[in-house]
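Next come two complexes, and both contain subunit A; in the first it sits with subunit B, in the second with subunit C.
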Partner chain A sequence: MTTDKYFKILPNSAFIHTSGSHKALSEFFDNEKNWGESEVKVGRAWKLDELRIKSNEDLHKLWYVLLKEKNMLLTMEHAAQEENRLFPNPERIDKVEESMKNLEDVVKERNRAYWLLETGETGERPSSLIEDELGREVHKMFDEHPVPMDHESEDTISKWQDVRNFQRLMKEKEFLEKRRALRRVRSHVCKLLRRFPDVDMEKLQQQYPEVDVQALRKRKDSRGHHDKNLS
Partner chain B sequence: MPRLTRLLRNVSDMTKQSSNLPEAYIKRAMDQVEWKTPNAIQYRQTEIKRRKFRFTTNRPWTQQFRQQNQPGTHRKKVFLEPVPEWTFFKGDRVEILVGEDKGKQGLVNYIVQERNWVMVDGLNCHYRYIGKKKGFPGMMVKSEAPLLVTTQVGLIDPSDGKPTQAEWRYTEEGEKVRVSLRTGRIIPLPKLAEETPDYKTKSTYKVQEKDTSADQLTSITFEPQLKTFAMEIAEKMGIKEDRIPRKSFWY
Partner chain C sequence: MSSRLYPIYQQGNPQLRIFLPNFFMKLVKPSDPQPPNVVQFIVPVQMTRYDIKNYLEKIYSVPVENIVTHVRMGKFERNFKGYIIKKDDYKVAYVTLPRTEKFVFPDLFPENKQKEADKELEKIDTLKAEWDASIKRHKHRQGVPTWFGL
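Moving on, here comes the complex of A and B:
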């Protein structure tokens, strides 16, 4: 019996997955006293600093507590939608998700520390900034392959002129967008100056660092219906 | 892009803090996505959604807010005087500088930072009818009107009881405090400032059923070990793994 041989490696406890209370399917649903309530109060999400002081085992357990809670909440949300009823405090889902995200971050942090110490690499999926086929700088997440990259089989057709054309158009588009954005900010600041002649110029400059507020003050569009105009 | 960052700063910190709601929820509740590309590799991910919202005294996650920003509605842009450092908090004593209640002092009871507004308890009021129906004239209620923090209200300096401008500064101990610009005295934050729908003050928070107890939260169980997360869990569960993975290439 091959299966017996395989399963004997692991102790029996590894296969039994139990939760605290054996309520079977009803664990997908909320406590019955919360049904039909208009408000179910809960605390806040777990913060990074609170998770950092917990052992790996605790985090592992907490992950499944959170996952069960999320399952329960999503089931309740779906059930409420089916019945055309109100799902109380939908922000509970976001709180659980935030906790799970923080927990994952802490686990990644610990793993990264181990790999950096042992191998000098982060042990995460490698990625880097590369130039794609159109000559744009993109951030690429690499995939794992059993064989090294074959440079010879790559596309050898020259795309040089097409890429040049594309680059030119892309740069033009970027430039136009940038100019448009700057113009929009400039006009906004002029309108602010027109409406609030007594505005604190330093604060205004602080909020809009990309334009010269003092110069805009002299412009015609900054003149308002008051006697505080500069020119 | 400067424009983008300004748009993302839509909902103010004061609103988030006073609601005690996760940011993701506020974003989710506000979202009005008209169309989104399917999540597949052949699409350049884009979405058509509402980007400009009219903020009023209704909070962004409420049904009323959604109603005021219904799809298809377009409201004129509101120009706001820049207020880089917000100095008004719930429970602050302020003096009204304009209008019928000019010179009167009261407590701030509602803040809309997105519009530079505060509302003062029982002052600067108007009357309106609610629940008006056919055959019923409605009920008259008194409600406060918002006031601009830049020109219409002044924070009271507790040392002399007169309105002043305020600023954030650091004490020698490195504590951030609110300081009156006229006298240089510290204006302490009111207790109501940390009030949220979940608690009045942090110390009086009522523990709910699913909350983690403070002892459990603060107990330190982490012991640094030269193992990854998976290695330690596998060891705890008695799983032995000594296979060596084949060499692989990433590109």
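Moving on, here comes the complex of A and C:
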């Protein structure tokens, strides 16, 4: 990050400029030998374990390398789209993004460990499951407020008839979905019993704990073309 | 200079301390004729012109004189099933470099390489034609050696 070559500091130095910005802007483009190629071979993304053994300084440097690489790839992809050409090896963008995600995860891990050691808190943005205005359970990330929020003046909305109607319909929908899911499992188990009468009942019960397998065995749905039917 | 959330207040100065900025910048071919020291970028909509200035100066060490940004609406298109879809909005930034600088958008798809690719495609076409001809010739002589018919 050198900004000492910044032009505004040297107002009368236009005659010694060496077209530095042009070189810097060329970082937005791929290596010239890759222009117009149909295939560009690259390595794999950085793994978590490889990043964990790096120092903070190295990670910081690597982030900017990855950021520049991503900008370059996005620029080349956009140029290819404009020219109606194929962008060679588009998985390069995914690799860079995966690397950046892994790097950020490692930084977060370290930050968390430091905070836990120093203050006993994780230092991350607090969040929890809360009930929103419509009575649904949602996962909410908490915001910071310059002035503490007044909790008492808020719960007027849940008294509205519309909200109650919504909650009733939502409950109905959830109930129906639950019932359909149970029916699906039940009919699947019946099919299994019909097809395989000698199946291990205990194991089947373990795999599908939401239904009673012994009871299903006696049902009409589990009758198959064999002489092992119970009903 | 990042899409993450920052605390309202933290101890020490400066208040806005950014580590690992995650904004992207795309350098694009100018859609209209521009002066030689103007470079066109596509950036995230959240990015302000101060962000762009800092990004280019600190990360790429490119001197920046002026920045003009516009938010462009994404295009509406009809997809193959018939319903209308909208592309995401994007921000265009016109960055003016100092008067002495010049930037020309390079030719990223040189013609000689395209010719080579076309030649290879032609080769594949001729091979395909030969294969089709031989298939046509031996269509009704299955299981018979190729030297049989002359």
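Keep in mind that, in the parts below, the second predicted complex is superposed on the first by the 144 of 231 C-alpha atoms of A that agree within 3 Å, B and C clash if a C-alpha of one lies under 4 Å from a C-alpha of the other, contacts with A are read in each partner's own complex, and residues count from 1 in each chain.
Basically, contacts are C-beta pairs under 8 Å (C-beta built on N, C-alpha and C of every residue); 3 or more make two chains touch, one makes a residue touch a chain.
Not measured: the values here are computed from a predicted model.
> Scan A:Gly120 for contacts with subunit B and subunit C and give back first, second, both or neither.
neither
> Taking the superposition as given, does A:Lys203 touch the first partner, subunit B, the second, subunit C, both, or neither?
Only subunit B; A:Lys203 stays clear of subunit C.
> Touch check for A:Pro146: first (subunit B), second (subunit C), both, or neither?
Touch partners of A:Pro146: subunit B and subunit C.
> Given the superposition on chain A, which partner contacts more residues in subunit A: subunit B or subunit C?
Comparing touch counts on subunit A for subunit B and subunit C gives B.
> Where does A:Glu57 make contact in the superposed view: on subunit B (first), on subunit C (second), on both, or on neither?
So A:Glu57 only meets subunit B here.
> On the A-aligned overlay, A:Arg195 touches which partner chain: subunit B = first, subunit C = second, or both, or neither?
first
> Could you say whether A:Gly36 touches subunit B, subunit C, both of them, or neither, answering first, second, both or neither?
A:Gly36 sits against subunit C, while subunit B stays out of touch.
> Quick check on the superposed pair: does A:Met76 touch subunit B, subunit C, both, or neither? Answer first, second, both or neither.
Second partner only.
> Identify the residues of subunit A that lie in both the subunit B contact region and the subunit C contact region.
On subunit A, the overlap between the subunit B and subunit C contacts is residues 14, 60, 107, 125, 144, 146.
> Please name which positions on subunit A make contact with subunit B in the complex.
9-11, 13-14, 31, 41-45, 50, 52-60, 69, 90-91, 93-95, 97-98, 107, 110-111, 114-115, 117-118, 123, 125-126, 142-149, 177-178, 181-182, 184-185, 188, 191-192, 195-196, 199-200, 203-204, 206-208, 210
> Using the touch rule from the top, collect the residues of subunit B that touch subunit A in their complex.
1-3, 20-22, 24-25, 28-29, 79, 81-84, 150, 198, 207-212, 217-223, 226-230, 232-233, 236-240, 246, 248-251
> Would you tell me which residues of subunit A are touching subunit C in their complex?
Those residues of subunit A that touch subunit C are 1-3, 5-8, 14, 17, 19-22, 24-30, 35-38, 60, 63-64, 67-68, 70-71, 74-76, 78-80, 82-83, 85, 100, 103-104, 107, 125, 144, 146.
> Provide the residue numbers of subunit C that touch subunit A in the complex, in ascending order.
Contact set of subunit C toward subunit A: 5, 7-8, 19-22, 24-29, 39, 42, 57-63, 97-103, 106-110, 113-114, 117.
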